[in-house]
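As written, the chains take the letters A, B, C and D, and residue 1 is the first residue of each chain.
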Amino acid sequence: MTDASSSGDRDAPADERPESATAALLDAAKRSDLGLVLGTLLVVYLAATVLTFADGLNSVVGLMRTLTFLGLVYALAALALNLQWGYAGLFNIGVAGFMALGVYTMGIVVRSPDPAFGPPGFGLPLPVGIAAGMLVAAVVGLLAALPALRLKADYLAIVTLGISEIVRLFLQSSAFDTFLRDSLGVGTGGGRGMGMPRNPVRDLFLVDGQAGTPTAFGELVFGVFGEDALGVSNSILIDWGYIAVLAAFVIAFYVLLERLGRSPFGRTLKAIREDELVADSLGKNVDLIKVKVFVIGCALMGLVGILWFGSQGNVSPTPQFMPLLTFYVFIAVIIGGSGSNTGSVLGGIVFATVLFEGPRRVGASVRDVIDAETPPSFADAVAALDPTAFLAFATDNVAPLQFILLGLILVFIMHRRPDGILGDRIETAAAVDLSERPSGGETDE
Amino acid sequence: MSSDVPDASDVADAADEVDAADAITDEPEANDSAVEEAAKHVPSGAPPLRVEGLVKRFGGVTAVDGASFEVEQGSLTGLIGPNGAGKSTTFNCITGVHEPTAGSVYFKGEDVTGLEPYRMARKGLVRTFQIARELSEMTVLENLMLAPKGQLGESAIRAVTPGLRGDVVEQEEAIRERAWETLDFFEIDHLATEHAGNLSGGQRKLLEMARALMTDPEVVLLDEPLAGVNPTLEEKLLDRIHQLREDGYTFLLVEHDMDVIMNNCEHVIVMHQGSVLAEGTGDEIRNDERVIEAYLGEDV
Amino acid sequence: MSVEEGETGDERVGESGTDETTTDETVADDPVESDGTAESDATDADAGTAHTLDGDAILRLRDLDAGYGDLQILSDVDLDVADGEYVTIVGPNGAGKSTVMKTVFGLTTYMDGTVEFEGEPIHGLAPERIIREGIGFVPQTDNVFPGLSVRENLEMGAYILDEVPEDQIEAIYDRFPILRERKDQKAGTLSGGQRQMVAMGRALMLDPDLLLLDEPSAGLAPDLVSDMFDRIDRINDSGTAILMVEQNAKEALRRCDRGYVLVNGENRYTDRGDVLLGDEDVRKDFLGG
Amino acid sequence: MGTTESSIVDSARARPGLLLVALLGGLLLVDLAAKLAGLSVGPVGGALSADRLGSNLWNGVVIGLVVGLAGIGLSMTYSILSFANFSHGDLLSTGAFTGWGVAFLIAGFGDVPVRALLSVRDAGSASAGEVGAHILSTPVAVLAGLVAAFAITAAVALALDRAFYKPMRDRDGISILIASIGAALVVRYAIQFVYGSDRRGVTASVDASNLAFGPLGLSVNAHELTIVVAAIGLMLAMHFMLQRTKLGTAMRAMADNKDLALVTGIPAERVVTATWIIGGGLAGASGYLYVLLRGTIQFDFGWLLLLLIFAAVILGGIGSVYGAIAGGLVIGIVFTTSTIWIPSDFNEAAAFAVMITMLLLRPEGLFGGVSTA
């Protein structure tokens, strides 16, 4: 990639020469959205390889799996939020709540009615659960949107945050769990959460999802990559199978949202974001369109909740659905530049890998090479007057440092690059090419 | 270049698409506009716009105080008055931005008092803004393509469903063509792919009017279309307004440049302190003592 | 102070410069004389085309270009106000009258030209500094703090002083006695005329050399307008120079020393108020010709 | 303009939601009366002792005062700087940790290493609870901590303004709001990094610290009394500052009309500085008092309180200082008395629901706050 860009740099005419090598790289990558995303993933994989190279292929592939999974789920969430915020300017900071609604509804619908296995459910098939999850997220979104969209953006933010917290507190509540059990015969599991239905991808590899009895397909995959061949564990391979599904969803979301954006609907959204009165005066029913886009976005968030947390074995309201989750997604969108779908995918990947997982991995690696005992507290680390001891403390407590970094990056972006890392990517809002006059039309003069 | 007015025949294709769209689309309002669309071709005795006893109060301040007037079919009517006479508030009450405290607004004989701006636009009454409100992050072409009524692709489902998107694309092509023709007409076709935020003040005014026309209106309310426009462009804009009038559009024009009003409008309405002070031709108005007093101030 | 750039002005204009008594004579006492002057001098085109003063001016605008953002409203505006003088700016809607005033106070986008006050360039200064220099400003609308009492509104006018100038507040109560009665009432509950008094009082707290008034009669009931103009006359009589933008051109021109007619952001005519009042061309500018 | 009665009828007709809320409120009151009287008619009524209601109300007032005190700063930054400050909750945590560090230092000086005292944690033989200060045993330490909480938080708020918000002064409210989320992360996790993430007790237990008010059946804790006195004292000081000083008047003027303040010659930056000092200081003090009430401290408690503070401020009318206090009291009382009708799992949800209902029915709040943006 570096080669390609530097040669491109040399060939470029003087007046188009970008200012620096990084700018050149960005410039080249920008011309191909797919190239940009794949290039970023490649860099991430390279870094993952460097970090875990010594531990063998299984660790390398395992880390890559974790990073890819997180990158893709954040990309999905960012895409859904981008529809609301980037396209229509609706400042929804209740993302976590809508994701929770989606995944919990799915769990309740699909789980076995037998209370012996934890909170009982309706025992319906998974597709019904997914549809129900999206529907409930959409309906709550609708209830929130109908009155709240008349409010100013900062009020909408507070209302959506409040709704997200109300959802979490209900799911957390054992009283609510009891209430549901008494009235509907289903439960949420309260603070302990609930186990998620088996991932169908697992059935692809294993008969009835049982470890040790692979299907023909599983046999094939395990045979090529598995412990006896390349040495990658079966569970990691199955996870990669799920990642393929996630990737398909990312592509589907992307295509869906691009189509929405590149249509008269997207054009109206853009107009509403810029100037509601103009859209209104040109005959667009602004309120209806805002409600529509809010509801679509919430349904997608419900789906993202299912795809993300539904694959995690167990969900619990705290800490999984704290408002912090919403802010992560926001940071992903802001990094990529709100309004751009490519930016959202890229922002999701960059956030999850570089900002979310990166510091932990790097911190752990650095800690491994420091030969010092960790002081029990910050005050002790300072009082020790020993840089090594302090570093040991810092690398052992890398999580808060990472959040501080996130905060600083957020502020920095708002100060310096409000358009995100890709800069201002204004995407065409039409279903047809607008770059030049169609040849059929008369040429002027 | 000859007069490439995007008149009814030029936009027939697009208009047909629009009618077809109205029949299918799920929004009830669109059906109204389909009805209106049909009614448009039937000559009706009622004036396109009539305002009766319009009153608008904000708290204790009465901005419009019983204004009544009519705008005739196919006319270019001027609305003038000193600052604070209530012109803008009247405009906002007609277009539905404000709900009048009292009084009525009739569009082609139908009581449309208090309808939201988008419903007024769908009925065929569109307005421009005193300070041009271009959508600066959209290109000039996108600005224009936003406006037409009954776009199939404004339904989210149609916009994304593979089988239905074909119709959307087809209609988009027709709208694009019509947008280009409108740009030609206003001689801003060279700016089509420019972001509207990069336009000069005068060009923005042209864009506003072009965009308003893309809604296929019957009555166009122009709020100071010439403010901040240089003389060359001013002439061009006025010329376009006259051409469009001949094609059957009706204009109500608020403008502070008296010469423009006197030389271009066959009928002038003067507002003062929230109500209509005088009506007549430019010469009648110019020599009306009450008007002179309203403009120069009263003896106190 | 240099006066080289003062163009060959009209003699009539130069006279009315510094003397307060002149003000009284021309404006209040002798309407007959004004009519006479109008007859003789208003020979159309050449009447009142010099926009600057020969003598000293406390406020001096030269070739001023200004507007909002990239929208230029004023082009090459020249304007002078002499010490103690009463100057009004009139003109049709959208002529840029208020823009002149806001530009003096640094509230518009300055583009080119000079704004000098008492010999010092002031464009680019923060409003806080301009107030210190001795200019007070009464905006057209929203010109009181509605949640503050009358007295607090006045106190805010003297924020830059360390101590609240009690004697000045008393002086303003003396000037507008109704404000003394209402001193603890929230300004938001006052009538339009009383609010206008609060706004003027606040702008007078620092005893400015020049008071800018943006359409003081706007929104006032007709019977209050005359009172308002009388008050402005008295403020001027006590030595404060006035630069006023007014919609009610007739009354404003009748009362002022000199008037400027602005059309399309440019100087059109400058002359003694009564002369402009009688000029047929000026009238045409308002109603189109 | 009609008579008052007809305008009430009109507004009820125009706003059915309001009517609904009024009916619901009336129903709850009837139910409450029935419960107190020990009557039970179908779903209405039940049993409720006056003692329990009394202690619920008292607890509500105490929490409400703390929330209201915190809301003052949030309201001020909203009205004067025109943005919803999402880092305000973490200023509460800042005040609590720094203030309690100082209180510990004074209470436990000599017995425990200074570095442990300043980081509000146990060391060696002494647990945090044992070092813990108490208003009856170590009144000086508790009061000094309060002062320190105010001062240090004010300094932190000012530093945040200079670093994060000042460069964005002319930007739109949403951009600054997003930056404030970033600032919140920085502050919250800096606290975690320095003080650790564990929840720990801070107040000592002292015998006979409850004062009983026999006739009312109320048992009032000495710390609750301290909080009420301190919070009301700070509110009165705030009231005096706003009403009687030039700076306070200038703050109200800025909140009323920023453009006019500019042309009047009010130095905006100086007023902004004062706003951060006072708003931040009050946030720090309220965080400190909240910990005095709860007895435990944890790095993210301020953040968790933020929505309640927003609820209070919105209820009172965002931008109005007095509204924030009144809103705080309402939220506090809703928070504690809602347990009469619903499980205590939902008391926070009830407070948010009240806020959301308020926003939907009367976005300007009970007292019609300042409209910005």
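Assume contacts are C-beta pairs under 8 Å (C-beta built on N, C-alpha and C of every residue); 3 or more make two chains touch, one makes a residue touch a chain.
Heads up on the chains, UniProt names are A, D = Branched-chain amino acid ABC transporter permease; B = Probable branched-chain amino acid transport ATP-binding protein LivG.
What you see is a predicted model; the values in this text were computed from it and never measured.
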Joint neighbours of chain D and chain A, given as chain labels:
none
Going by the touch criterion at the top, tell me which pair is linked by more C-beta contacts: B-C or A-B.
A-B
Which chain's mean C-alpha position is the greatest distance from chain C's?
A
Where the centres are mean C-alpha positions, what is the separation of chain B from chain C, in Å?
38
Per the C-alpha means, the centres of chain A and chain B lie apart by a whole-Å value of 44
I'd like the Å distance between the centres of chain A and chain C, where a centre is the mean of that chain's Cα atoms.
60
What whole-number Å value describes the gap between the mean CA coordinates of chain C and chain D?
49
Which of the chains touch, listed as pairs?
A-B, A-D, B-C, C-D
Residue ranges of chain D touching chain A (in the complex, touch as defined)
83-84, 115-116, 118-119, 121, 164, 167-168, 171, 173-179, 181-190, 192-197, 307, 310-311, 314, 343, 345-346, 348-349, 352-353, 355-356, 359-360, 363, 373
What part of chain A is in contact with chain B in the complex they form?
256, 259-260, 263-268, 270-271, 274-275, 277-286, 288-289, 292-293, 296, 426, 428-432, 434-438, 440-441, 444-445
Chain B touches which residues of chain C in the complex?
70-71, 73, 92-94, 215, 218-219, 222, 225-226, 229, 246-252, 283, 286-289
Within their complex, chain B touches chain A through residues 1, 27, 29, 33, 95, 97, 116-118, 121-122, 126-127, 129, 133, 135-139, 141-142, 145-147, 149, 151-156, 159-160, 165, 168-169, 172-173, 176-177, 180-181, 184, 189-190, 192-193, 195, 211-212, 215
Counting only contacts in the complex, chain D reaches chain C at residues 246, 249-250, 252-253, 255-257, 259-267
